[in-house]
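Both complexes below contain subunit A, partnered by subunit B and then by subunit C.
Entry: the complex of A and B
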């Protein structure tokens, strides 16, 4: 049943991409710049889990939350000491992107200084052949990944809809000035978005690491697939984001099956480029800023 | 002595790359992260022509430049529809597509194994396999590129590019063809980036895709930012500094592996500091309206 197997793989990949692109999007909406630091946060989360679980022998279910919160803390720290002053200087989004690129380089190289460049494995369970469903196989790790990412995604959406802070986040994302007039401290709200986004990104990194192992540069491609899903889904729409993730994941899995897994990255970018030509507003058609002046 | 010459050659290659990037990133305001890709296209064209067909340098150079130019025109007609941060994401995409092709198209590029046995440069019976004459050649090319870029910048076309980086819509409203100017600038920049690619392939005589990754593009962009976006002389110093930095770190006794990472950390820090002090480098995209 190759069809079912591909379907399972597509679902698995889409869930990760949804989590990645949502983690990026939630902090993108209020600040409106591409924060490449998230790529480093993804790897940091995975490596901290590796440190705590493998090297310090802490129980996995304690190690993962600690690692997640530590990476979120790192993300927030960078926001306080680097992005906030730059924002006060009214730096353009382009400049912020370049700074975040600099921070990504620093963090990524700190990781490779500490742990080396080789692939490390973060296997949380013995390798098993997986469960069989009508001839297709799904491993425990994949089931955990799918359920964890969907749960986190739902929880975050619920938080944004009904929690007070969540409402503030949505207000600042829609219109920063207007939110400030209503007495919302937009700087603090941005910190919240960075914190939540970093948590989600770190969890995504850990989930990927349990399946594929860790390298210091793992975050960059993961983040970019999240960014692509966000752009092709249409910036600012949750449904579009899910659609974009599913589209991207299907394209990647079908490429891996029918051509070769080595072309996966190239196909992801070709999709992005095609969308930028023919549907620059993404699937949902929400206004993407600064395109086609 | 040989090693010093090797470093000097590397510096000239990076100066050429960074100066060509400066034309689009600094003057036209299009910050691109695809430059290592064009560098690679130049190098791979040379490698394939030289190894399979035994073409000499005087043919590989123009062919490499023309191929790079054509690819750049094709790419830029798409990429230029986006601006600012979307343009960067788009160029990262282009860079990764180019890298995948180099890494995976086994029959053409020999994949991750790379291509070896590229002939050294031989002009009119003058063999440049030694480092000293090669250095002289690359210095001549660096100077030529520098003069050419200065000529472009001083010309009317250069002023149009500067105007585009300041205000695109205004430039369009006074009757300049913004789209065409951007495509032209992108193509010229890519063609210039092919020159160091050709030289590099002939010089190293073995190339593989790892020399042309996104990290390399980021490195070239850092040289441009640290040197000053529109400062061709500053780029010269920045290139020398960033290439010599790991050597200095090795000189004070750090092992190779740590030195490589530390060098990247240091240039990341310099990048951030430079952008923080960006009013000193005459960077027009600092403020937003």
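Entry: the complex of A and C
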């Protein structure tokens, strides 16, 4: 029973991490900088849902898409007015990282001012005992989270593989200059990646909030998990990303169960350091395809 | 005659100026009090309550007294380092020597050596760590010590026939002493502590702990956490079919515990600082608080309110910070919480009551 319950917890956490790491990865590939604003987008998605659903009493299934698109819109606006001008001025990745950290702090403080710092509840139904599977339990919220995460992940992959815009995103992610030579408007494509990534991040934030509640700083730790999963999975590989997410989620859940919660973050960073030293290309071992001009 | 008039005018002006100066020197200076509270971070909810109580007290005093209060706020951000910075600012820049602390035990413990060194009076309204008892002669508090809460709960659990209990506590200066006090007392009562788990402040995912404790089959879980964490833990435990008795401390005696916990917290037993709820001052404070903030006051709002009144009244009587300390130790006060007295360590002497959640309300059972 215990093993099965741990397994269910690992699957649930893995799905959240997959969604988070993919939301970050899709926008990381074309711009090549760690956009920490995504941490604020995760929180924003959850808080906008809280505003619409709890405070304005809008039906949940309408509130979630509105909150998701508003979060994506905020992400796109930041890109248009801040990151794009900086990019045009050939700002370094480090500078962009610092700017994104600043924006994250501003957004997080705005959320704190509007809703306070306390944990707020986004329960969508009364909490009750989950469905029993051989002595282990899984709740409706967990089932919805797993289904939504995997569906969105598959849909995004399908979109990138078969849609024209998706193909452009892959082209720009592989080589921005070469894509521009082929007539692809890379700036517009980057906006698409930010928009899609922000949507996924906001949904991840909403899903976590329904189970654990929401705080203004919730996005940062979630994003960190996503980034670590992306790095240990191997940049540029979807299978690696899934592997990285499962490895990280398993390590976190097992550590919390067998050791102590104090060690959860430490174990995550330990895995990251080990990968960076002994397997810098991650689980997939795949290098990004790059054609130098 | 003209010359005489001219001299008269000059004398009149001089006398008027002297009189005005005299009036100014007789005008009483405002009483300076600082408030360092956790207004952001993991303890923000509790800091907010203290601030609201304190604000209400200041508004009352300033509207009824000639000698008013200047209250300066600083946010300690639920972080001991920020609490120290706030203390330095209030002391060095604002020159304040009476401070109400609405923050966690870790913050108070961090500030204690500085206030003792610089002879600043620190009055804590929130911190319950037993370590604060020996934090120094300039540290007072009107929050009851955690040792007393833990021991009372251990005795009550034993009386209820419980033999095995798990403890979930926040990993800070308050949580660890609570575990020790509860464990020692419960073992004295021939009970067994099957697990003592420390959680991080601000943590919200407790599935692994709920599962771990479930496998140990305790009859009850003693929650020494914030109200948000307690509700999350209870809800996550229930989803995996783990429904022991829930025991808790006075941090859970809030409207949020009932509204967010719903039916899942029914039957929970918690300790609470005894308040004379039929007392005139409590009734007045409670109705004013509800009118202004739209919720029932928590013990932290009551403590914040009483702290300002205590410091103000003591200062008015003595006009000396050093003497305020002796006033607090020597006298008893009538506050919203009832009669308030302090022991030789600056700890409040209060009764403790046990509450049970029944029908969505806290019912006193002892």
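Criterion: the second predicted complex is superposed on the first by the 286 of 293 C-alpha atoms of A that agree within 3 Å, B and C clash if a C-alpha of one lies under 4 Å from a C-alpha of the other, contacts with A are read in each partner's own complex, and residues count from 1 in each chain.
Everything that follows uses one rule, which is that a residue touches a chain if its C-beta (ideal position, glycine included) is under 8 Å from a C-beta of that chain, and two chains touch if they have at least 3 such contacts.
Fair warning: this is a prediction, and the values are worked out from it, not measured in the lab.
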| item | value |
| --- | --- |
| Superposition-derived comparison: subunit B or subunit C, residues of subunit A touched | B |
| Touching partner for A:102 - first (subunit B), second (subunit C), both, neither | first |
| A:261 touches, of subunit B and subunit C: first, second, both or neither? | second |
| Which superposed partner A:193 touches (first subunit B, second subunit C, both, neither) | neither |
| Partner chain in contact with A:44 - subunit B first, subunit C second, else both or neither | neither |
| First, second, both or neither for A:82, with subunit B first and subunit C second | first |
| Touched partner set for A:112, first subunit B, second subunit C, both or neither | both |
| Contacts of A:94 with subunit B and subunit C, given as first, second, both or neither | first |
| Partner chain(s) touched by A:273 [first = subunit B, second = subunit C, both, neither] | first |
| Footprint overlap on subunit A, where subunit B in one structure and subunit C in the other make contact | 112, 116, 260, 262 |
| For the subunit C and subunit A complex, residues of the former touching the latter | 39-42, 44-45, 48, 171, 197-200, 202-205, 207-209, 211-212, 215, 228-229, 231-232, 235, 238-241, 260, 262-264 |
| Subunit A contact footprint on subunit B (complex, rising order) | 31, 78-79, 81-86, 88-90, 92-94, 96-97, 100-101, 103-104, 168-169, 214, 218, 221-222, 225, 257-258, 261-262, 264-265, 267-269, 271-272, 275-276, 278, 283, 285-288 |
| Subunit C-facing residues of subunit A, complex | 2, 5-6, 9, 112, 116-119, 121, 123, 126-130, 132, 136-137, 139, 211-213, 215, 217-218, 253, 256-257, 260-262 |
| Subunit A to subunit B touching residues, read off their complex | 33-34, 82, 85-86, 89-95, 97-99, 101-106, 108-110, 112-113, 116, 220, 224, 227-228, 231, 260, 262-263, 265-266, 269-270, 272-273, 276-277, 280, 288, 290-293 |
